[in-house]
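Structure first, commentary second.
When the chains are written out, they are named A, B, C and D in that same order, and each has its own residue count from 1.
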Amino acid sequence: MRFLPKLERKFRRWKKLKKPPLLRKLDTLFKSAHKGHRPEDSAKRVQKGNGKDVKNELSYKSREQFMYNGSFHEAVGSVLLTAQCFAMMPVRGVTAKHPSSLRFSWRYVRTCCCLLFMASMLINLSLTIYKVLHGSITFNSIRPLIFKSCIFLVCGKALSLARQWPELMMKWYQIEKDLPQYQTQFEKRRMAQTIRMVMLVGMMLSFAEHLLSIVSAINYAEFCSRTDDPIRNFFELTNDEIFYALNYSAPLALWGKLQNVYSTFIWNYMDILVMIVSIGLASKFRQLNDNLLRFKGLHMAAAYWSERRIQYRNICTLCSTMDDAISFITIISFSNNLYFICVQLLRSLNTMPSVAHTVYFYFSLFFLIGRTLAVSLYAASVHDESRRPLRYLRCVPKESWCPEAMRFAEEITSDMVALSGMKFFNLTRKLVLSVAGTIVTYELVLIQFHEDQDLWTCDQSTYS
Amino acid sequence: MRFLPKLERKFRRWKKLKKPPLLRKLDTLFKSAHKGHRPEDSAKRVQKGNGKDVKNELSYKSREQFMYNGSFHEAVGSVLLTAQCFAMMPVRGVTAKHPSSLRFSWRYVRTCCCLLFMASMLINLSLTIYKVLHGSITFNSIRPLIFKSCIFLVCGKALSLARQWPELMMKWYQIEKDLPQYQTQFEKRRMAQTIRMVMLVGMMLSFAEHLLSIVSAINYAEFCSRTDDPIRNFFELTNDEIFYALNYSAPLALWGKLQNVYSTFIWNYMDILVMIVSIGLASKFRQLNDNLLRFKGLHMAAAYWSERRIQYRNICTLCSTMDDAISFITIISFSNNLYFICVQLLRSLNTMPSVAHTVYFYFSLFFLIGRTLAVSLYAASVHDESRRPLRYLRCVPKESWCPEAMRFAEEITSDMVALSGMKFFNLTRKLVLSVAGTIVTYELVLIQFHEDQDLWTCDQSTYS
Amino acid sequence: MRFLPKLERKFRRWKKLKKPPLLRKLDTLFKSAHKGHRPEDSAKRVQKGNGKDVKNELSYKSREQFMYNGSFHEAVGSVLLTAQCFAMMPVRGVTAKHPSSLRFSWRYVRTCCCLLFMASMLINLSLTIYKVLHGSITFNSIRPLIFKSCIFLVCGKALSLARQWPELMMKWYQIEKDLPQYQTQFEKRRMAQTIRMVMLVGMMLSFAEHLLSIVSAINYAEFCSRTDDPIRNFFELTNDEIFYALNYSAPLALWGKLQNVYSTFIWNYMDILVMIVSIGLASKFRQLNDNLLRFKGLHMAAAYWSERRIQYRNICTLCSTMDDAISFITIISFSNNLYFICVQLLRSLNTMPSVAHTVYFYFSLFFLIGRTLAVSLYAASVHDESRRPLRYLRCVPKESWCPEAMRFAEEITSDMVALSGMKFFNLTRKLVLSVAGTIVTYELVLIQFHEDQDLWTCDQSTYS
Amino acid sequence: MRFLPKLERKFRRWKKLKKPPLLRKLDTLFKSAHKGHRPEDSAKRVQKGNGKDVKNELSYKSREQFMYNGSFHEAVGSVLLTAQCFAMMPVRGVTAKHPSSLRFSWRYVRTCCCLLFMASMLINLSLTIYKVLHGSITFNSIRPLIFKSCIFLVCGKALSLARQWPELMMKWYQIEKDLPQYQTQFEKRRMAQTIRMVMLVGMMLSFAEHLLSIVSAINYAEFCSRTDDPIRNFFELTNDEIFYALNYSAPLALWGKLQNVYSTFIWNYMDILVMIVSIGLASKFRQLNDNLLRFKGLHMAAAYWSERRIQYRNICTLCSTMDDAISFITIISFSNNLYFICVQLLRSLNTMPSVAHTVYFYFSLFFLIGRTLAVSLYAASVHDESRRPLRYLRCVPKESWCPEAMRFAEEITSDMVALSGMKFFNLTRKLVLSVAGTIVTYELVLIQFHEDQDLWTCDQSTYS
């Protein structure tokens, strides 16, 4: 039975139909309660464990290739792989078909790389602190400090997230399996496509911004040439926190540049991560909603509602688990963006010496605002989708209005399902407005202290 | 049967009574789900399509004349017609009795007019951007830019709204037909009268303001005469964005004036549109509420509550559909008004050189505040009316308290039925206070940067 | 039967007991729905109308003396009487035992007095506007204008309230009659005592403040004597808005003084009115709560909950009716207090020339803050009391948990019962904090514009 | 039976099992309603009262030693004892095993000590007022005044809390007894350990801060030596409010120092008290939640839910009782912390003359922020824990979904269970964000008025 997944599935379905609805629901509940301990799964693991039946396993996998399509694990595979190139999320098996292949160990090379990067980050951070403490501390001057602390914290959290990842993905897998089937191939691919699109656009814009920042820095370094070596000028400018404390040397410069590139990636990646998890959760709710839409207004049995309610509950639990896992990154991402928008808006009042600066500055500002808006809206979509079943429940005909449907409706009404910033705030559409209001208010107040500092004079670096 | 609508209606009613309540409710649900595909409607369309029975159709229409009174489509006819004179909402058949006559096509003359105006608007907007970017950018100086961008965006959105209009009106029609009958001719006419009154008052005040602006501009142009030609002076003043880039010529001046008149109309119309849709939705809820009031405290069958609940649900769906359709215009209207109130309040601190200016300025300011308040309150009335059935449900006697009544009450309690600004904020009475608070806060902060700029010196235009 | 109210009541109670609970509840509902048309009431009115049976009527009244004790009408009698001495609330029969004796007519002497005062107020207001417009307009200088406009508006609203008063009191009477009986004489008197205490304390503090203002003004007038006549100096100071436009004359000075005294009273009275209505409503809820407390945790029949629910509903309706009647006064009172606290806090930064000024100023400031707090807390108590039945419903034993109890609980949970400022904000305890926060924020911003204006120089009046 | 508590308990349990669930629930309800009048308790009291059976009582106690472990009374014993060393919470029997041993009397020595300290505090406060009024009043200079007023108010409130304490602890005892049994010894000890840990950490940090303040003051006194006596210099600096009015003398200096130490303790203790009560309440909810977790998703009888609901209700009532008792201290603690964070952040802009100052200042600032955050989060945990049963209720299988479970879920959904600041605000996690937002906003505004006052010049004391 284990070697014929297609047949097996059919058989399972037929079994489901044979069972009275009561038993069926109980089963589902039992399964969701004791997830990870189902005989098939454990059996599979045993197989893997003792290394037997490898061939069977493989043929099973090739059939799985299209069977388990549409899962979150599969959709984020490439995203995590990219992250691993930049020393984040060091978990093995991200491109495997099945989440049970995911492994985390402190002894993997990628984990070591990640730890190495964090150590290097820590040194860089110390140098930055050293430099900041030796200057005057203003709202603007602590920018590099905040930037680097955030990145260090996110790196640390991402590492701990990587440790949880195999378990989290198994949870997703269990819950996804119980959800109503996708109707079309298009629906199956939608989530993965959205996620890849977000990753791609985010990365490309980030890359474009980094290129512009290099162009602008070259421009600037030429203008304020301290030494005869243009390359040295460039690195002394972009890594001023290093060469404030240490003497210039090529390896240090390279290390600084690498650090810059990685930092920039991680700075973007923390927003992208929040977006991707949001897209995943929202799409699971949408999968449920699509099913509810199909049967909207029709006479459905109580068991139907009971089953949907349990599925809804499972996704809610998943949402809350994921929230616990990433809400630290969420709060860092939000406060970081809030701070940087305020600073950049303030700096927009400065005069810009060259066109390259202007282009870079405004591109950077709009990219920042756009990214913040995108994170907010994607994260809010989880909440929006979680409320939608209510629409379909409102259209249940009088005759089919059963206690289970009522309970379903009441649970949706009274529960707050949303990603949050460590429970201090929920990510809903209303948040966007209040964040915007906060930015405007702070800006109006901050603007009073602003004096055109001419940040482009040569004695002060402006590169984060 | 089709040719005797009165009899037909009686027959339909009698059929309804014969059916058990259960079937009746199901029917209603079925109808509302499959709206637009009822045999009668499609039959009617077939008749129209093949051009037969024109005489019958006409006599049918003359009877319809008083039959379909009280519909939203009929009430907004003249409002849309006015809008079409100003290149907005290019949809055909707005004055027809039945919404099925509504048509939108890209090839209609009015659509082309609309596109032509938008093109002309775009040119004007470019000229404005050109002028603004060549001066210093302050909170006050970007006023024309914001004004014109908003109008351009609203025009575009109105065009897309026009495309949806026939479908939206059919939805209204379907839902209105199922609502409890009006009791008196007065009730039937109330909505249409309110809408016409709002339109009339809005247009007249806007016209008065425009006249005052012309008087004030003439006054000003005379005082700061750049050339000997008073007409040229006037146009160079009121269309400074054009003549900043181009040389003066009479056709350009005329074009600028026309653009001004149209812009002013559209600037008012976006608020009026939100008000009118709000009035329509609120009056549909009121129609339901009037019926509930009549049977308040009496012993009603479960079927009564079931029917009302479905009708309520239909209006809610309509409300949400209309909100999706106009919420972009709503958010533009609100942010626009918020910005202009802040700017005008700031400008009120300036010294005014002449009585004409003072009168125009304060008339304009109070008109702006009044209009914003009117939009807010009319839009909030949708929410208020949607909550009112709760009052009547609270008075249901114990014996008649059935699951359907309970479900109705719970739905009203837990659902948020209101127009919104793209779901970022809901339009309720509480919003008015928070908007007022925001204006006061921003004003108190902005006031610090204010220096009496003497906007009435001759080197700077103050006409939007 | 009509001539033996005591017996009649007993009989009525006995009748109630005989009826099955279902019928009893229905009766109550019927009565509350058709209030004012009960046979006994109309019979009584007939008697009064045709002037017969006067002796019987009297003996009936003397017995009523202690029967109808505990009613709101009775409790506010003396408060309204005091108001009438100051040309407010011109309604006849406020001290009568029964609210049916209340009468309003435009031809009553007190109504004419009220209209006369309003005309005089209007003249004074015009003089004030005249003076304000001739000076520079600042946050501080428009104080007399705002003060007098508010008083004029409140006077007008109080007149319209007086017209509704007889009807409102009949509504109270009907609802009070159906409420659970008071257990002790102390409970019966509590509301009246609280109301009288509030009135007394409010009046006394207001009187003390007015005396202090006179002392301070005399002090000031002496210091800055413009003429040789100290009395003239005093009046020219305290009624500067009159003598700015007109020449000094004794009658005018007297008129101004009278106007001052009346204005001060009305300024306090609007807060007191809101407090008194709040106390009345809260005490009706408490009456219900006391009954629920007595039977807390016991096994009560469904009819008990049904009856309580209907009584609760009646008080809610009353609350909403009273809110509609006084919410304009509430919003005026709140915005007025908010403005004056801001202004006075700002003025507290000024240097005070004499001890008399200092004492008056701080007494006035703390009185203002205390009064605002008192209004807020008394008004919030209505909401607090309306939520309390929930506590007792939570303790209903499982066996007695019936649909009616559930419905009761749900209604309390989902309804917002509170006085409001024209529905823009609800008067709850949370409001106090947000008002305090608003004051602090505005104050911090306003403080920036403050320069010690030395308001006590002789060229500028500081008396409202 | 009374002498064999273990047996007795077994017997009671067996009795419980024998009773049908209905009766059982009723019993529980009856007990919780008439708490304090149970035969065993009253019997015990009688024994104590007439002084008989002392030996039995003792042996009973030694057995109780491990029986009543896990109670809140036991957990706070040492905390209250510490407080009593600093003249707070003068109640006898805090270390006794059973709360019935708690006694308060005005004639106890500790009560007199407390009153004596309050009198001494009052004198100190008067001296502070005297000094503050003789200087200029600014946001910063009123710091000692606010500090001492708060401490005086908290002392008074703590005295009144001590009077209620025996009764409050009996309430806790009654409710704790009915809660589900702890499963392990670890769970039993958890609450007490957390409380002791909080107390210890709080005290140690406070002690460290006080030491640093002494070091910093010695440093400062040396630098600005007014007299030749270094000890006199030190005391004149740290108790400037005393020696501003009075001449220096050693006893006065000692009194001042003692006052300082006590004030510092009480300033910390008010936060610790709120934390400890929060921990207690949250752990009671957790005790219930642990039980619900054990039976999560299983088929439980209606009686199970009914029992849990009543237990939940009891804890809610306890929560509300404790909130009434300590909410005055809560609001003082929050406003105090808010004010001091604002002041200290402002002062952080000043230049610091020595390393000792800098270390003390930043330690003090971070301790303050940390303490505020800890209070907020511990207090918020009560609300969080009170919502958690909902999670388990969502997983109740369809078959076990009974009216009692539904009622339980509805009550949790609709009730707001949280500690509050006199009901003006609820202590939830959202509050933390809004407090942080308020601090940032106020800070941004206050920063404008800040001029580097060089608080470390010798003419002005900076020690509270």
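Simple rule for what comes next: a contact is a pair of C-beta atoms (placed from the backbone, for glycine too) under 8 Å apart; a residue touches a chain by one contact, two chains touch by 3 or more.
The UniProt protein names, listed by chain, are A, B, C, D = Gustatory receptor.
Model, not experiment: these values are computed from the prediction.
Novice: What is the touch distance from chain A to chain C, in steps?
Specialist: 2
Novice: Determine how many degrees of rotation, between 0 and 180 and to the nearest 5, align the Cα atoms of chain B with the equivalent atoms in chain C.
Specialist: 90
Novice: Validating interface symmetry: for the copies chain C and chain D, is the fraction of residue numbers used by both over half? Same or different.
Specialist: The interface of chain C with chain D is built from mostly unshared positions.
Novice: Work out the mean Cα position per chain and let me know which chain is farthest from chain A.
Specialist: Following the centroid criterion, the farthest chain would be C.
Novice: Starting from the mean Cα coordinates of chain A and chain D, work out the distance between those two points in Å.
Specialist: 40
Novice: Tell me, which residues of chain A touch at least two other chains?
Specialist: Counting only residues that touch two or more other chains, chain A contributes 410, 441, 445, 448.
Novice: Which two-chain combinations touch?
Specialist: Chain pairs that touch: A-B, A-D, B-C, C-D.
Novice: Give every residue of chain A touching chain D within the complex, in rising order.
Specialist: Touching chain D: residues 22, 25-26, 29-30, 33, 302, 306, 313, 316, 403-404, 407, 410-411, 414-415, 422-425, 438, 441-442, 445-446, 448-449 of chain A.
Novice: Considering the complex alone, what residue numbers of chain D touch chain A?
Specialist: 296-297, 384, 390, 394-395, 397-399, 401, 406, 409-410, 413-414, 429-430, 432-433, 437, 440-441, 444-445, 447-448
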